[in-house]
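Got some structures for you, see below.
Next come two complexes built around chain A: one with chain B, the other with chain C.
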Partner chain A sequence: MDAMLLAFKMVFNVETMLIIMGSSIFGLFVGAVPGLSATMALALLVPMTFFMEPIPALAAMVTTSAMAIFAGDIPGCLLRMPGTAASAAYTDEAYAMSRNGHADTALGSGLVFSAIGGLFGTAVLILAAPVLAEFALNFTSFEYFWLILLGITCAIVISSDRPLKGAIMLLGGFLVASVGMNNPAAFPRFTGGNTDLLGGIGFLPMLIGMFAASEVLRSALDRSPKAMIVDQPIHNVFKGMWELTVKYPIQILRGSVLGTIVGALPGAGSDIAAWMSYAMSKKLSKEPEKFGTGHVEGIIESGAANNSALAGAWIPALVFGIPGDTLTAIVIGVLYMKNLNPGPTLFTTNPQNMYAIYILFIFANLIMIPFGWATIKVAKKLLNVRREILLPIILLACIVGTFGMNNSAFDVGIMLVAGVVAFILEENDFPVAPAILGVVLGPMLEENFVKSMIKSDGVFADFFARPVAGVLGVLTIIAWTYPMLRILWRRLMPKEQTA
Partner chain B sequence: MKIHDSILGLIFVLIGTAILYTVSSYPQMPGQDVGPAMFPGVMAAGLVVFGGILTIRARVLPGPRQLFALGDWAHSPRHALAGLSIILGCAAYAFFSTVLGFLIIAPMVLFVWHLAFGVSVKTSLVSAVLTTLITWAVFYKGLGVPLPWGLLKSYAF
Partner chain C sequence: MTKTLLSRRLMLAGATALAVCATLGSASAQTWPSRPITMIVPWGAGGGTDATARMIASLLEKQLGQPVPVVNRTGGSGAVGHQAIASAEADGYTIGIATLEIGTMHHQGLTPLTHEAYAPIGLYNSDPAALFVRADSPYKSVKDLLEAVKASADRKFKASGSAQGGVNHLALAGMLKAAGIPVARVAWVPSEGAAPGLQDLAADGVQIATASLPEAVALISAGRIRPLAIFAPKRDEAMKDVPTFKEASGFDWSIGSWRGIVAPKGTPADVVAKLQAEVGKAVATAQYLDFMKSKGYATGWTPGEGFRTFMAESDKGLGATLAEVGLKK
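Here is the complex of A and B:
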């Protein structure tokens, strides 16, 4: 109980409240401007969190991501341009509703059911994380080794429609993480005698380069004509929400459950949750023919899914230190920076920190409703913001944020290289998210592998000796071989049939 | 900017091979089965294999055969200039910020970026100066980031 009281004090104080308010406005703004993603918002925020206490820093991350994911619905609805990838699944539907004169219902559904989905995901986080943490307390390096391998396999198979390119990006991330002396042997790798590289390639410059600078570059080179805002008045966005809740309770629950599960899977985040949920909603709907014509059912289900996925992604991040999506990969970086190393002991040594995170999630999803309402009110002005003025300002924020972490101009160079490389690779359909997972998980994977090898005296069979490790190992091998077995099966089947 | 998968695959094979060559000279750790070469070595081998598959697949499967194509932006000098200005501006900051100082280099790059993005001279100037001062106030005065003074060192406060 003392821990809970302490957690309330950590959250409800002037500093944290001011940071939550500022982060809310920042997240809503970035999410609402097309071309600026939720990941970019978090990447730009990380340098600021460097100067904050741990809980205010986490408050900033939680609030910004929740607000940005919701705000992505606004340009989707009024411009047919999703503000973030998580809104892309139902952008056409929301835009069709706006054109039919129901923009207020589309935006209201996005807002209210995002908050409900977010609260559902938080409830699962609160209930599941401590149980998993208790279970994970018995984990050794063997279990962690297999868990990381299984996690990255899921990330490649689930999150990317191009697993080969995803795998290449993941390996690239691992190799970037192996630069410097941060390895079990403390041997300087790939430094080329450059002392700036002894500490490795900074996570933050890479992050800002890959998710912020590359997006600025893409926007600068984008020649698509400016989208026209739907000229429909927006009245009371909350009107009819209760009726929708009563009409579609199964859809809300289904979207929230699916979103939380997908979010908790490593590598799959809000965007995949929303796509899967929208598809499921259409498939199971009593009125599937209405989908695509401006029907609210899919927006309700996938809107709940994308925000519940946010909280779901924190479960493996907090319990195992394995990011559920790109946003939690950034959060894990911040947790390490703040000496709140993720893992089961986080729940036992300082429970007040965990309670504070739970409170932050609940609070962020509750204040999303008034803040989101206010944003919808000024939406048309927000969407008219001059990007040609905004982009250079964001770029300067990227540079100063990168520089501020280590006061190093070298890091600015890393950011630039990472930004250009990410831009080129994304243009060629390489997913960037696996690379950042590789950077975060690379050192963990190597450390647990080396520890396990030393413990087992080089006998690889010992990797399967413990029950949980054995199960995880077999599951990983099945996940690796399944695509190959499927291809083989498909090739063999016609021959058998013709024989 | 589209580069054919066969070329990109080949680049990954070359990078992987170079890494394998580099780690082959890394020492073994006494009394251990795994040394510093193990992890990057396995990853580089993976890069060689997957890069090779990407190249072969791109050659075998039907699809565009053009090896290299610039994006739509290449047909618009303004967009190409905007993209180039971002790269050169960041590089200029990395190289000259320490010598010139933040209060000199930041408004310069901002002004150029605004112009390259198609903003009028007057608005570019006002935005560049205001953004520099606000950023300086937030990061230098507010957060304590030691942004370089450079040429203005004697006026530092």
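Here is the complex of A and C:
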């Protein structure tokens, strides 16, 4: 219980509170401005967290992402432009509601059910993560090897509708991560004799480049005309929320459960959770014909899903160091920076840190209600922010922030190159998320493979010798061969019928 | 005529410039420090080396009345930061932390840099490595373990605790060598540091692990692993029941990661002397000692020439052990 008390002290002090307030405003702003994503908000925060204590740094991460995912609903509802990718699934629906004069209900349900979904995901995180960690304490390199491989497979299959391009990006991530001498043999690879590259291509500069600098480029080149804001007065957004909760309890629960699960799967985050949830809501609804015409049911379910996915994604990130989405890939970078290396021992060595993270999640989802309400009030002004002022500021923040972390001009170079490369790739429909997973998971995969091979003296059968490793291994192989087996089965079936 | 005049003038100007430089130089030694002193740390923010460096920097700031900003220059297993200290201007306004790796990197062919590139100020910390087995391991003492290893087939025993060539790897290799067992008998499973190595031990992935005692406290108190001995001449104050390797086995071997403060070679001797006095004062304060104790880090102070001898000996010992494990280039 001492640890719990310590955790409360770490969260409820002036410094952490000020940081939470600041990051709430920052997250709401970035989320509400179309074209600026939640991932970008976190990437821009990284250099700032460099100068914070670990818990305030995590507070900034948790609050900013939760606020940004909710605030993405606002421009979707008023402009028909999703503020973040996580709101894209129900943007049309929300806009239709506004046109019908129900903007307040659409925004209100976005806010209230985002908070409920977020709290649900947090509850699962609090209950599941320590149990998983206890279990994971018995994991050796064999189990980790299969777990990471399964995670990577899963990321390619579900994270994109273009598995081939996803796989290419993943391999690109592996390649980038193999630069330097941070490998099991401590052998310098692809450094060209450069001392700066001995340490590898900096993960944090690369993140800032890929998720912040590249978006500046994209926004700057975007010549689409300014969208018109729906001219509807917004009254009390909380009106009718209780009635909706009573009317759609199953939808709220379903969205939260699905969101948490999708979030916890590597590679899939809030955006995919929202799409899947919206589709499910429509399929299982009693009145599917109303979907798309300004019906609130889908917004409730997928709004809950995208925020519950946030907390869900933290489960594998904290227990195994495997990111559940791009946001947690950034969080993992920050955890390493703060010497809070993810893994099961994180739960045993300093339990107060874990409790503090739980408290932060609950707190962030609670203050989302007043802060979100205030944002909706000023939304119309917020949506008029001029791009040509915003973009240079963001680029400047990228450069100064990257330099500030390690006082290295080399890192700034990495950041800028990563930004341009990510921009070109995304313009050509290559998803960036698998690449960042490759960068995080590639070295882990290699390390655990090499460790396992040393332990087994090169006997591959040992990879299946331990029970948990064996099960994970078989699952991975099934996941790989399933598409082929299905093709084979389809070809064989007609023959059998005729025979 | 004009030519000689000109050259005379030039010479005069040159002499004056030299004289001014000399007076400025000596003035800087007397008035040192007149501006902020940068402290370079070759390891990341939040790590042990960083935490101790920041503590000392904040104390120096108070004592000297000048800011002492800490700059982390990470990368290349410490090569980048160590190089940055060595190549900084030797005017007393850049100092840095040197760690054990200064004695391993050049043997591995990662950098030509050695401890000779520095003016030593003082050694402030040295955490000995220790030997661990799982709590339910049949080996109750170092003797049991060494006998079993001696009788075993090559590579039957696996050990972990650091990267290839890291301090904990060398701790194990040196132990085997001291006990007259071929170093290749135990397979080294590289890990990204002590924590994952110890977790692998707890999860039955390896049979032996080496790490410092503070790094292992959590798993020891959770009843998952057991320390057998500490590679130091003296027992640890906090864990008095853990014997030294010599007490437990009769063989002599000590090793541990260490941290010290250095300045670039060529820093004026009087500035170095002043730095030695000031840092010596800082590491004797109650605030520093309490901080180090709370984190489980050992304390001590070996200034100047003593530190130089220590680095030279450490370098020699590490070189011999690296050659033994086949990592010397």
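A few notes on this one:
Keep in mind that, in the parts below, the second predicted complex is superposed on the first by the 486 of 499 C-alpha atoms of A that agree within 3 Å, B and C clash if a C-alpha of one lies under 4 Å from a C-alpha of the other, contacts with A are read in each partner's own complex, and residues count from 1 in each chain.
Definition applied: a contact is a pair of C-beta atoms (placed from the backbone, for glycine too) under 8 Å apart; a residue touches a chain by one contact, two chains touch by 3 or more.
Keep in mind the model is a prediction, meaning the values are calculated, not measured.
Placing chain B and chain C on a common chain A by superposition gives a fit, with no clash between them.
Residue contacts after overlaying the shared chain place A:407 against chain B and chain C alike.
Look at A:185: by the touch rule set out above, it reaches both chain B and chain C. Shared-chain residue A:349: touches chain C; no touch with chain B.
Put simply, the three-chain overlay gives an angle of 70° at chain A, taking C-alpha centres for chain B and chain C and rounding to the nearest 10.
Looking at the superposition, the partner that touches the larger set of chain A residues, chain B or chain C, turns out to be B.
When both complexes are overlaid on chain A, the residue A:450 reaches chain B and chain C alike. In the superposition on chain A, A:171 makes contact with chain B only, not with chain C.
Look at A:138: by the touch rule set out above, it reaches chain C but stays clear of chain B.
Shortest separation of chain B and chain C in the overlay equals 7 Å (C-alpha atoms, whole Å). With the contact threshold set out at the top, residues 185, 407, 450, 454 of chain A are in contact with chain B in one structure and with chain C in the other.
Across the complex, chain C meets chain A through its residues 44-47, 71-77, 79-80, 83, 108, 110-111, 155, 158, 160, 163-165, 187-193, 195-196, 199-200, 202-206, 218-219, 222, 224. For chain A in complex with chain B, the touching residues are 48, 51, 164-165, 167-168, 171-172, 174-175, 178, 183, 185, 187, 189-190, 213, 216-217, 220-223, 386, 388-389, 391-393, 395-397, 399-400, 403-404, 407, 409-410, 412-413, 415-416, 419-420, 423-424, 427-428, 442, 445-446, 449-450, 453-454, 458. Those residues of chain B lying in contact with chain A across their complex are 1-3, 5, 8, 12, 19, 22-23, 26-27, 29, 32-36, 38-40, 43-44, 46-47, 50-51, 53-54, 57, 71-73, 76, 79-80, 82-83, 86-87, 89-91, 93-95, 97-98, 102, 106, 109-110, 113-114, 116-119, 123, 127-128, 131-132, 135, 139, 143-147. Partner chain C is touched in their complex by these residues of chain A: 50, 54, 137-142, 180-181, 184-186, 188, 195-196, 198-200, 337-339, 341, 343-345, 348-349, 406-408, 447, 450-451, 454-455, 457.
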